[in-house]
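Below you'll find a set of structures to go through.
Two complexes follow with chain A in common, the first pairing it with chain B and the second with chain C.
== the complex of A and B ==
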């Protein structure tokens, strides 16, 4: 799988042989438009391509939202890991902490030689962990999030490819249709001239 | 500072299209002012919550608590407030105050916001009255137009 750099997660080449994690279907490139359209109604072909385009666009926005959410989550988990490390370094001393009592109001608390840390897991569940256990839980969560992020970026690359292909298909079918209509007009004119 | 002069418009002199435009404009203004009220109420609730939180801190020195380091990480510790809180007064300034002072600060803010809400509410009521006037004028113009249409069709029938 392609590695993701911190600098720009989008600067990765999509590897064509990888099947996308969300099983998004691949659009086929219409190499021979005449062959493709010959026994079909052009309007219907347009409709189908437009539908496919809309679906891919929907996937794109969904994946973009997903990526920004996962990126944020990954940062939060990294911050949490840093905090666990920081608190563990101070586990043999007492220190004072300013915490947010309410929005815009802060109060002070005294922490005396902390030996454990509490993690809010969601769904009204909070658990007490040793520093090592907490680090393990957070790291596991971060690995999962990073993997999902990597897959989402991969999928987004794939979807963007499909959007481009669909766009090109639409243009090719449209151009073909115009050429056919011109030919029909010309043949109609020549018939009239012959008469 | 003097109040800005309200522009008087004779609604009767406006066409239906113009009335429609004015109506849309007034509706947009009402919508905007309603959103402002919602934001002000949200700010007011924030200060009320802060006041209650400060009240809850009274006489709790030395009690055990879970200190929030982030929204998901807590440490066991003891309250060490000395009946003092740090209050954000805006633009990156924080002031250490006693709990009473902090609550007074919140009360003043709530009062200020309530006054603003009342002013905006008055403006909304005025706009709503204007909107009703516009709708009434538009309806009377439409009914007049229908009457004229009916008269014209009657005249055409008589001529035939």
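== the complex of A and C ==
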């Protein structure tokens, strides 16, 4: 049976514009540094930019962890689907399995002509399903996880853009400040030369 | 002397960043991150492929009536030689397919990077550093 392959969630990263992430503010692009800095203390501007940067770094870290967790979960669900397929193919046979009791501790079990499969649903609940029903449940769960994964990848792309934009903002304000100081020094020298 | 310095300052000011430039810079950064992720993934899968290929070779020379323990999720299933060969071949094909896709994605990113570099270096010249 062919495995259903989901569309690549990372294709979103090729978009020129990534959709805004909910609950995360967008950096305002500084179209004119001179206007932006006017009437402001440059040190305060840097401080605010640095604070924004740290916040986005926090979001980045959180989303990265989320993506790792969801990727692992999706992989596990795929493995479960593969096992269901394999066991169904053996429904007229007997075979043995070593299952894990504890970390590194295994026990052996004999499976005779399996007709159904049990899924652990959490909260100390395990339910018996036919093979088709089990596949349906697992596939539905995997679709949910894959959708969440896509959303997290998109959000992370958005956050990385905010980090890059903030980096560039800092550079531009810094360069502007350097130039202003240079001009002041220069105009000072010019005045002296005129004397 | 004074005029020359002022003109240089003006030169720097002229390479102002507009919103469209920022979007291209963002896209470059995003794809660069993804490229490095993909390179790490590819390395891991190549290692898995090497192990799987070694296993396949070992399987080939094993006795025909041997039983094998095949890892699936958190359990080991007992399988005969024929099934083991089938499962491992399927696994190897999947890995090769995955690696092919990763190569394709990296190639797409390289193409996009090339485009962006042409545009951004043309405008910013030495003011920008697009490391990969």
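Convention: the second predicted complex is superposed on the first by the 157 of 195 C-alpha atoms of A that agree within 3 Å, B and C clash if a C-alpha of one lies under 4 Å from a C-alpha of the other, contacts with A are read in each partner's own complex, and residues count from 1 in each chain.
The working rule: contacts are C-beta pairs under 8 Å (C-beta built on N, C-alpha and C of every residue); 3 or more make two chains touch, one makes a residue touch a chain.
A quick note: this is a predicted structure, and the numbers were derived from the prediction, not measured.
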Tell me the contact category for A:70 with respect to chain B and chain C: first, second, both or neither.
neither
Kindly classify A:164 by the partners it touches after superposition: chain B alone (first), chain C alone (second), both, or neither?
second
With both complexes overlaid on chain A, does A:183 touch chain B (first), chain C (second), both or neither?
second
Go through the superposed model and pick first if A:172 touches only chain B, second if only chain C, both, or neither.
second
Does chain B (first) or chain C (second) touch A:145, or do both, or does neither?
neither
Report for A:100: first if it touches chain B alone, second if chain C alone, otherwise both or neither.
both
Examine A:118 and indicate which partner it touches, taking first as chain B and second as chain C; both and neither are also allowed.
first
Looking only at contacts as defined up top, I'd like to know whether chain B or chain C touches more of chain A.
C
Partner chain(s) touched by A:80 [first = chain B, second = chain C, both, neither]:
both
On the A-aligned overlay, A:29 touches which partner chain: chain B = first, chain C = second, or both, or neither?
second
If I apply the document's touch criterion, which positions on chain A are contacted by chain B in one structure and by chain C in the other?
76, 79-80, 83, 96-100, 106
For chain C, which residues count as touching chain A in their complex?
2, 5-6, 9, 12-13, 16-19, 22-23, 25-27, 29-31, 33-34, 69, 72-79, 87, 101, 105, 108, 112
Where on chain B does chain A make contact in their complex?
46, 49-50, 52-54, 57, 65-82, 84-88, 94, 102
Would you pull the chain A residues touching chain C in the complex into a rising list?
8, 10, 13-14, 16-18, 29, 31-33, 76, 79-80, 82-83, 86, 95-100, 106, 157, 160-161, 164-165, 168, 172, 175, 179, 182-183, 186, 189-190, 193
In the complex of these two chains, what residues of chain A are touching chain B?
76, 79-80, 83-84, 87, 96-112, 114, 116-120, 126
